[in-house]
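Residue numbering begins at 1 within each chain, and the chains themselves are lettered A, B and C in the order written.
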Amino acid sequence: MKVTNLLLATSALAIAASAAAAEDMTIVSWGGAYLNSQQKAYHDPYMAMNPGLNIINDDASAEAVAKLRAMNEAGNLTWDLVDVVPSDAMRLCDEGLAMPIDFDKVLAPAPDGTPATEDFGALLVSECFIPQIVYSTTFGYRTDMVGDTPPTSVCDVFDLAKYPGKRSLQKRPIDNMEWALYCDGVAKDEIYNVLGTDEGVARAFAKLGTIKDSVVWWNAGAETPQLLADGEVVMGSTFNGRLFSAIAEQNQPIGMLWDMQSFDLDGWVIPTGLPEDRLARVLDYVRFATDTQRLADQSKYISYGPARASSAPLVSTHAELGIEMAPHMPTDPKNASNTHIYDYEWWADNRDDLDAKFQAWLAQ
Amino acid sequence: MSDTTHTGPMLAADGSPLKRSLERALRRQKLRALALIAPLLIFILVTFIAPIADMLFRSVENEIVSETLPRTVVALKDWDPTLGELPDEAVFAAMAADLQEAAKAKIHTRVGSRLNYETPGISSLFRKSGRQASKWDLEKDGPFKDVLIKSEKGWGELDVWKTIQVYSPKYTNGYFLNAVDLEKTASGISPRDEDQQIYITLFLRTFAMSIGITLSCLMLGYPVAWLLSNLPSRSSNLLMILVLLPFWTSLLVRTSAWKVLLQQQGVINDVLVWVGLVANDDRLVMINNQFGTVLAMTHILLPFMILPLFSVMKTIPPSYLRAAKSLGASNWTAFWRVYFPQSVPGIGAGSILVFILAVGYYITPELVGGTKGTFISNRIAFHISSSLNWGLAAALGAILLGFVVLLYWVYDRLVGIDNVKLG
Amino acid sequence: MSLPIYATPAQRVWYYTFRVICGAIFFFLIAPILVIIPLSFNAQDFFTFTPEMLSLDPAGFSLKHYRDFFTNDDWQGALYNSLRIAPVATVLSLSFGTLAAIGLSQSHVPFRRVIMAVLISPMIVPLIISAAGMYFFYSRVGLQGTYWGVVLAHAALGIPFVIITVTATLVGFDRSLTRAAASMGANPITTFFKVQMPLILPGVVSGGLFAFITSFDEVVVVLFVGSAGQKTLTWQMFTGLREQISPTILAVATILVVFSIGLLIVVEMLRRRSERLRGMSPN
């Protein structure tokens, strides 16, 4: 008796607490410079338009799928809107944890009247996913530690003779395996076929093994810029926007290596099961935050390409530094001469398996 | 009134037999003690023990397969996978019906990702076929063997069906097997592929590093505890503060301090370069490896070694040592034959405590451990928040918990948990 | 253990070597904590001593990281959450814990050993396991991501410390005092508050401080059980250390060190007072 009473009493309190905060909207994102760009481009103007509304930021995007699943088990949804990458959006959509979106109804058309589905075009990769930006995972290097010949190819990462020193790579198989095979001589369109075989996996690990002792593995996007700034590594992979802020905003001696940058998207999902009033508010926010102007505004604060075609011409200069942003976008033709697009479906199948192998390989 | 002795039982003031009255009083006392303890016990059982029991349950629970695919599970029961032939049409038809229903409820991919932990590729099988399932007419579109294999050729693979059959039961030991680098197959239990074996290594590494940490704590803690217990109490109290301060300082403060000290551009390397012991381009790597983890954790856990050692050493009379020496023992003999044996309980208490705490550490290895210096805890956290393989996380946790409980029991036997002291 | 005047030279050498070794170990214990204090006044955004700092040039020092801590909403929100969670968790573990400690110190407690083992277990069970269990279980009952979920979890983690410190005070407690009070007609409640409580108060207070610091310092469980609304100071530090490494962390760390010194002094004073009250002081 006592047990259930206690639980009932406490959960009643918890519910009372969440009901009292009716004017809060919890938006989940990645934190750091990225959150900052969203805060300035979306949250602040939206809160100015809606006095009395308070946006709470939760930097939990990395654990979004786990936490949404837990909330779903509990039937206690504390999040209103979640920023995720497409692979997670697909998982959430598949599990029924994210809401399918009628894009033309929910999202604003472009200023010239083009419907949202056309404006976003091929970037609408899942029926639950509202894209915001295009970003890429690519390499930065210390300009003062590479001599007179800065690296020009992703394969220079694997060349310890030419560029001695540590490099930082993300602690996961995605991207690293592809780069390794590419630099081991596999043609770009053959990468996933090769990686699908045991020999291919062994080949990728063998290539990564050549630099294993010189790799610092990172978990969070801000680690590589920090490691580069501290001179702990010569080069390292991270999200291009993080490198941009280290170069342009903090004046670090870092150069960009765009070769074989790995494209990805980032965007919103709306969790299923929101009560009417909260859902209405979220939809209103999303319509505002993903319109042409807002997406273009975001690129004033971070060098990620807006997901709408109609926003591209509006991309202007950095809000504080006044530099032209277009040449820093991953989509700029000069930067995108050789890119890598990773296969969501393939990774959805092989992620667990390759991750186990990757971890075993790391532990060896 | 007679002075003769009573022959009957002793009576209490109210006339009842004294023995019974005492018994009643004792019972009342016991009940009162229990009544005082009960609220806390219930609190702990609900907020702490129940969650752990719940987690342990997850390590064997496997209801998702039979709940999502009820018809298939029944139909697959009689299939003999050793014949090397695909199951018959009844199984495929059952799967089509199950898939259609599951896809409608949007739960088909959940079972797909569950089975994908065992056989890669199943996840997309369920996702892709699930999309088409709503269009199937279960009455007319048969035979479903062709329909399914046409929709996704993976349905024609024996391994897929073997996996579904092996993981049909409501409860499974599969997670535990995976946690010790084994796997469950249609033909019984077999070791996992060599390139996927990781957990035994991780457990062994966790234990080896914890032993390393315990030993270095002992080596550093013993002299300090000895000094503290032999100084006059005024100065020992003062020095004790130096031991207790780290103990009271936030774990994250101490971990960040080590991060600052050990980095290649950190304080220690700077000093070494400045002194000239190390060349500027050849700075020592002391972080993101096992060395960093052992060093930082030794610092963090050292007070847990010193305090039990100190409380035991304080009870060893210094006169014993003097007596031994006056009887002609050398310093070393006196220490080794007389003092040391008496300090062994302190060594036991401190070592077990430090080892228990070390073995389950998460924060410090996560921040300074890199890849080679991480513990099993870090892997558990990974499975909870990234890979979402909660069953495997629970199984790994259960094994770790088993070890810790065993040591806890030993500790209780040797020292008694009542004797834990906190400064 | 001063050196006797008749010590041989070898003994003398050993005596001083030993002291130097102990000194080095004490240095090892304290130096890492102290080293962050000057670094937190760094005028640069670095984690290491700049040449200006080494030459004691005032331009090398600044309070900017402290200013950042006191003006940054994230840090202030985190501080507010820590201060909102820890005291409530402390009150919970202290009230349940003190009662139970008194119960446990009675002479006849059935299953004492088992009960004790259960009550101390939150200190022994690896935090990641507690966190995982609570994450799953609290999700099921709707406490995950709520204020009360974190408070209950922290209260459970603080209980062993309360039990240990309060039972330690009760060991020296003279039972005849309560019996005397009872024989003079005081009811159990009066006896508790007038006789027992004042004597065990130091233990209760230091148990409370332990429970407070346990909640205040805790990071693993709150990472799992909490959500953005419960982001505590240590959580913010953890993400900071892993992600946006800024020297503000060192400023926060310095403040926390000063805070721990304060707590430590209070606990030490209480311990001595308790020993004096119970006539156990070695002095």
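Here are some notes:
Basically, a contact is a pair of C-beta atoms (placed from the backbone, for glycine too) under 8 Å apart; a residue touches a chain by one contact, two chains touch by 3 or more.
Just so you know, these numbers come straight off a predicted model, no measurement behind them.
Chain pair with the highest count of contacting C-beta pairs: B-C. Relative to the centroid of every protein C-alpha atom shown, the closest chain centre, again from C-alpha atoms, is found for B. Note on chain placement: the centre of chain B and the centre of chain C lie 23 Å apart, centres being C-alpha means. For the pair chain A and chain C, the distance between mean C-alpha positions equals 38 Å.
Inter-chain spacing, taken between the CA centroids of chain A and chain B, is 32 Å. Listed for chain C are residues 47, 135-136, 138, 140, 152, 242, each touching two or more other chains.
Touching of two or more other chains is recorded for residues 7, 67, 230 of chain A.
Counting partner chains per residue, chain B has residues 43, 45, 263, 265, 384-385 touching two or more of them. Residues 42-43, 45-46, 105-110, 112-113, 116-117, 120-124, 127, 130, 195-198, 201-202, 205, 263-265, 288, 370-372, 379, 384-389 of chain B are the ones touching chain A in the complex.
Those residues of chain C that touch chain B in the complex are listed here as 1, 11, 14, 18-19, 21-22, 25-26, 28-30, 32-33, 35-36, 39, 47-49, 92, 96-97, 99-100, 102-104, 106-110, 113, 115-122, 124-130, 132-138, 140, 152-153, 155-156, 159, 161, 164-165, 167-168, 210, 213, 216-217, 219-220, 224, 234, 237-238, 241-242, 249-250, 253, 256-257, 260-261, 263-264, 267-268, 271, 282-283. Considering their complex, residues 2-3, 6-7, 62-63, 65-67, 69, 91, 94-96, 171, 201-202, 205, 216-217, 230-232, 345, 348-357, 359-363 of chain A touch chain B. Chain B makes touch with chain C in their complex at residues 26, 29-30, 32-37, 39-41, 43-45, 47-55, 58, 220, 223-224, 227, 230-231, 233, 237, 239, 241-246, 248-261, 263, 265-267, 270, 299, 302-303, 318, 331, 356, 359-363, 366-367, 377, 380-381, 384-385, 390, 393-394, 397, 400-401, 404, 408, 412, 417-418, 420-423.
Against chain A, in their complex, chain C makes its touches with residues 47, 135-136, 138-149, 152, 227-229, 231, 239, 242-245.
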